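Next come two complexes, and both contain subunit A; in the first it sits with subunit B, in the second with subunit C.
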Partner chain A sequence: MTATSVGIDVHDVAVAPPSKRALKRQQRRQDREAEMIPVRIYGLRKGTVTLVTLLCVLFAVFTLIPIAWIVINSTKTQSNIFESFGFWFASPFEFFHNFSLLFQDVDGDGTYIQWLGNTALYAGLGGIGATALSTFAGYGFARFHFRGSKALFYFVIAALLVPIAAITLPLYFVYAKVGLINSIWGMVLPSMVSPVGVYLMKVFIDASVPQELMDAARMDGAGELRIFYRLALPLMVPGLMTVLLLSVVGIWNNYFLPLVIFSENTLYPLTEGLGLWAQHASTSGDAQIYPLLVIGGLVTIIPSILLFLVLQRYWRSGALLGSIAN
Partner chain B sequence: MADVTLEQLTKVYANGVVAVRGLDLHVDDGEFVVLVGPSGCGKTTALRMIAGLEEITSGRLLFGDRVVNDVSPKDRDAAMVFQNYALYPHLSVYDNIGFSLEMRRVPKADRDAKVRDAAEALGLTEMLDRKPRQLSGGQRQRVAMGRAIVREPSVFLMDEPLSNLDAKLRVQMRSEVLRVHRRLGVATLYVTHDQTEAMTMGDRVVVLRDGVLQQNAAPRELYQAPNNLFVATFIGSPSMNVYQGALERIDDGVAVVLGSQRLLLPASFLAEHPSLNAYLGRKLIVGLRPEHLTDPATGARPPEPGTTLVANVDLVEALGSEELAHFSIDAPLAQEGSKASRHVAAELLDGSTAPGFGSGIARLDPLTAIRSGDRATFAVQMHGMRFFDIESGEAI
Partner chain C sequence: MAGSMVRRPRPPSEWYDYLHEERSQAHEAPTTVVTDIEARAPQRSPAASLLVQSAEPRRRGHSAWIHRRDRRGVVFVVPFILAFLLFSIAPLGYAIYTSLYTSKLIGGTSYSGLANYTSTFDTGEFWSGLLRVVIFGAIQIPVMLVIAFFFATMFDLGVAKAGGFFRVIFFIPFAVPAVVASVMWSFLLEPQFGPFTHLANVLGFPNTNFLGPNLIFPVLIVIVIWEWTGYNMVILYTALKSVPRELIEAAVLDRTPMWKIVLKVKLPMVRPAIVLLAFLNVIGALQLFTEPIILQYYAPESISNYYTPVLYLYNTAIGGQQYNLAAAGAVLFGIIIVVISVGSLIVRRRRGELR
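Let's turn to the complex of A and B:
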């Protein structure tokens, strides 16, 4: 290579844009420099932030482990569920076989698809009912002052503290009297009562439906019902969706109430159905029920996750932007 | 179209707080009346009672000849502009303005014409399709007004409508509000805590304090002849200088005693205010507006003998059109005795002023040579002087 060509080479390098590697190096250097400035998030020291992040990761892992297990084991045969390593796949891959079994009547207990339908019905009716009642009640508590309204609200709050198990037995006796045992309304009606929902809606409405807006509407000649539907309701949507999600998931996962009020397999929700299968799995040795239990569990949690993903876009702030000067 | 009459209107809240106490007021058709007072004086409560948003504890409210105490807000035919605008966030400007017409089942074509008309009057035609969040503060304010005027109400109520705007826009919107008022030509009640707004906008200004009417007068009268010490110091900026003083008879007339100094009160002043004779030899409160203290050097004529006040000038603020001299004299600020004067004292007294020394402000010609730190002589326009009873705070 001649001196001239070397000179040209050097020249080329100088003009050419820096290589990707050089850019990366530069980026890393900048990152390092940025790191030297103590980063403070919400006024916390970096070490604290790291610690909190670590705790969050641990918690996430703790939460996700059972889900990972259920996903992995939904692909296994009964013997593999017991014999292979729980956190890795084993052949044969039986996911689709297991899945198709879900839709067959095993042992004459009834079918998964029917329980799924029941659950959807209970959760749908109960969830919508709970949301509607919570919204009406929360709106009343938040925006109307009537005699005893405070006492009544504290009463609702107190109901938050009563565990469902404590009222299930009296509920059963009442139901037996009025014939709601083995009726879908026996499941749906109590699910519509949601003290948490009432509380959430009141707090949400206090914060997001300004009194002045209602005053303005009253002066504009709108009646109370009109104010509720046309003006207040659109502002309540994020709160409404929160209550809907919480109630639907709550009913979807409810085990205790249906256990008490249903004795017919055909009325069972998924929780009871899977419970029935679990009993059979432990008593009848031969039937291949464990794979069904696992994949049944998996399919049971999917709707809750989907619902959460769909509804989370409503958790946006700024719905009120522009209404009230700030 | 209607006039509004308040007869002994009173509001007592459930917790026993009296927000408005026996308010008597009459607003003529087409009149612009401003309710003004410090925060918590009951002006907004009074307005909300007129709107029908607040229950009336006692007294009567009349629109025209009709008692409307128990008429619901929507049937009172009053429109209101709220301090925070209270626009409907998910409705367009068009629907916001048209909402009341829609509620009243005005036919669509008619409604459309009225909404466009109102929008045009307020310069909102371009924004009709926008949502409130896409508008600036001033535009939102206009939408709030549009929503109120489109109904052609017979009573127009405004609750501090400009307080959320920046200073420049506020001044601009004042004339806009007045224009809207003239266009509607209806009885208008306007609530504000800003005395400048009250003075510049009102045909009549009603000063409230602790739920009690202090004075109800045209702006000029309010300024020149305040009923009491509270009105005197609340109206006007910078506010009136008030000191404890006394009246003393001297050889050739009556002197006003301010600390160690004496000012000669013209015989004509005494003739105009005969009630002052009862205060000869007694303590009272002396009020002097800043513009009644001038620099004799910039005046056309030398001051009359016995009408000058010597004071220590602490600070001179040059505003261009005028200079404000902050001074102190050895007369105590009005601070003892009545509740009224105590209240004033609390507002005026800052830590720097020792008891026995009263601070004050003089509004001087920009050509003045008086500077900070000077011991200056001010010419006092004796006819601008006001006197108040030291116990009751009432004007003498």
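Let's turn to the complex of A and C:
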């Protein structure tokens, strides 16, 4: 299995770096070289570079407008959200007051902080479970060609075509029968099933865990579990992190499943709680529902945006995306 | 332009094939070294090895060993498969079962054959919702892919300054839950206090109602473009990055103009990625749900309970408590999506073979 057989990006992540700093320096040098390419090599006019950069700025503004709005308006009172200019601050500065609302049950629908805790619990348990199951299954599919393994793998991938509603709604019917409505396991267990995760792990393992190495370990008498933990697992960490990141964010953002299976608002995740507030904001006139919704939205997106910024190398290097692209 | 064409050993249209020759040669090199251990099988196309693998005679000593080794892999797959069967396949099976029955207030549940399917077939709202999401996808996906491809190309060629910075910014919406995105956009566009409504008024469009029946459809398109362009851009960027450097260098040395490099060299090379993205986006667009259901709170007169197929299913099952009818709708909707996807896959296969 050489790098060429799988695509450069997957391999880049797979090989343990000799020194991170040296790699970074090299990366930066390459980046700088790449930056000089258009003007020097393609013989572009400088105006083109400026124009394209301008378009980037425009699209970045479009991307950031809602986020800027929610940041600015998290500091406002309800009447200021309605009356003051949307893209600038207005006194009084109520950010901390608004923030404190997150710890109270303001309009009787539920408490934000509890929903946050629920979401963290669901995303944590579900994410770890999904990653573990995907890693085992990806490893099994990639490195063991038992009878029917290929057919089974394609069967799992084919399930991606089935619309989520066609699985989630019947899940609700089944839950109604077996009493899993309003149970956290009804939320966590289905979240652990991630065909995409299995696919990504298989592709990643194909590229980064050499069969020859495993066979050599077997010749030396190592058991399968030992080979998995000691030999394969360390090589799988980048792929594993990607799957963990994707599944945690997927559960964090999931709306349909909790909407269908939870009717008690003490069990709601953030998305469903905010959805409920959004509904009430449009109908009832509680004095603090809009600031609550705004600050709630802000506090919801911050962890996942931070997670993506901190773990940039797992999605920017293309470990997950390169495998899709090839 | 024509003068420079003559010097080139191969016209751009053949580069793709040329590259594949090179790649497949690179493939085989290590295989010949590791002849013993079954490294041969995975090198074939998946379909071929699927057919051949079990029938292929293996060397005695190795084959028994390999067989014993491979059997152990089942253990690793079992946990996932169990969960998969329980939480994906079983519900689907139950939906099919439920869809064949009808419950009545008096008389309980009875087998009703395909009655639920025929009544779903006769439901105009189901089809109008389906038509709506099809039109939605037909507009939103091409627009988004063009924007994403444009920026991905510009970052790849290094035409934009600070490309890395912009790439991160563009990706941010991917981390924002659809619920929050919809809430943010509905506030921005709200007819009374939304800043965009003010802006439209100032620009000379009084009484603009972005959430009114006329504008809600384009608004949904804008929201979904906002959410997904960055993700598509990053995938395309990664695909573009893996186009071999030598190919581009050769084109540059031949003084091929940049737009031609992009459209004639890069675009064909990343076609698989584009096809896959189009595919994923189509499946996503057909299942449009979260954005319309949140916007519905602010625009109840613009978005009905049957605005999209999934909204129809949700409101039939949860709101209307008509489980059997909803199950039939869900199965029917699933079949429609599978048919569309498999159909497009077959078309893609055909084209691939023709090439």
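Heads up, the rule we're going with is that the second predicted complex is superposed on the first by the 246 of 326 C-alpha atoms of A that agree within 3 Å, B and C clash if a C-alpha of one lies under 4 Å from a C-alpha of the other, contacts with A are read in each partner's own complex, and residues count from 1 in each chain.
Simple rule for what comes next: contacts are C-beta pairs under 8 Å (C-beta built on N, C-alpha and C of every residue); 3 or more make two chains touch, one makes a residue touch a chain.
Everything numeric here is computed off the predicted structure, so don't read it as measured data.
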Query raised in the report: In the superposed arrangement, which partner chain does A:189 touch: subunit B (first), subunit C (second), both, or neither?
Result: second
Query raised in the report: Just subunit B (first), just subunit C (second), both, or neither: which does A:97 touch?
Result: neither
Query raised in the report: More residues of subunit A in touch with subunit C or with subunit B?
Result: C
Query raised in the report: Just subunit B (first), just subunit C (second), both, or neither: which does A:146 touch?
Result: second
Report task. Check the residue A:304 against both partner chains and state whether it touches subunit B (first), subunit C (second), both, or neither. Result -> second
Query raised in the report: Taking the superposition as given, does A:226 touch the first partner, subunit B, the second, subunit C, both, or neither?
Result: first
Report task. Have a look at where A:217 lands relative to subunit B and subunit C in the superposition and call it first, second, both or neither. Result -> first
Query raised in the report: After lining up the shared chain so the two structures overlap, which partner does A:234 touch, if you call subunit B first and subunit C second: first, second, both or neither?
Result: first
Query raised in the report: Just subunit B (first), just subunit C (second), both, or neither: which does A:249 touch?
Result: second
**Report entry** Footprint overlap on subunit A, where subunit B in one structure and subunit C in the other make contact
**Finding:** 212, 215, 218, 318, 321-322, 324-326
**Report entry** Contact footprint of subunit C on subunit A as seen in their complex
**Finding:** 1-2, 4-5, 7-9, 31, 34-38, 41-42, 44, 48-49, 52-53, 55-56, 59-60, 62-67, 69-70, 73, 81-83, 85-87, 132-134, 136-137, 139-141, 143-147, 149-152, 156, 159-174, 189-190, 192-193, 195, 198, 206, 211-212, 215, 218, 224, 228, 249, 252-253, 255-256, 259-260, 270-272, 274-275, 278-279, 281-283, 293-294, 297, 300-301, 304-305, 307-309, 312, 315-316, 318, 321-322, 324-326
Requested in this report: Show which residues of subunit B lie in contact with subunit A when the two form their complex.
Outcome: 48, 51-53, 72-74, 78-80, 82-90, 99-100, 103-104, 131-135, 137, 140, 147, 151, 164
Query raised in the report: Can you list the subunit C residues touching subunit A in their complex?
Result: 23, 26-27, 29-30, 34, 37-39, 41-42, 46, 49-50, 53-54, 69-77, 79-81, 83-84, 86-92, 94-95, 98, 147, 151, 154, 157-164, 166-188, 192-195, 198, 226, 229-230, 234-236, 238-239, 241-242, 252, 257-258, 261, 270, 272-273, 276, 283, 286-287, 289-290, 293-294, 297-298, 309-310, 313-314, 317-318, 323, 326-327, 330-331, 333-334, 337-338, 341-342
Report summary line: Listed in rising order, the residues of subunit A that touch subunit B in the complex are 210, 212-213, 215-223, 226, 231, 234-235, 318-326
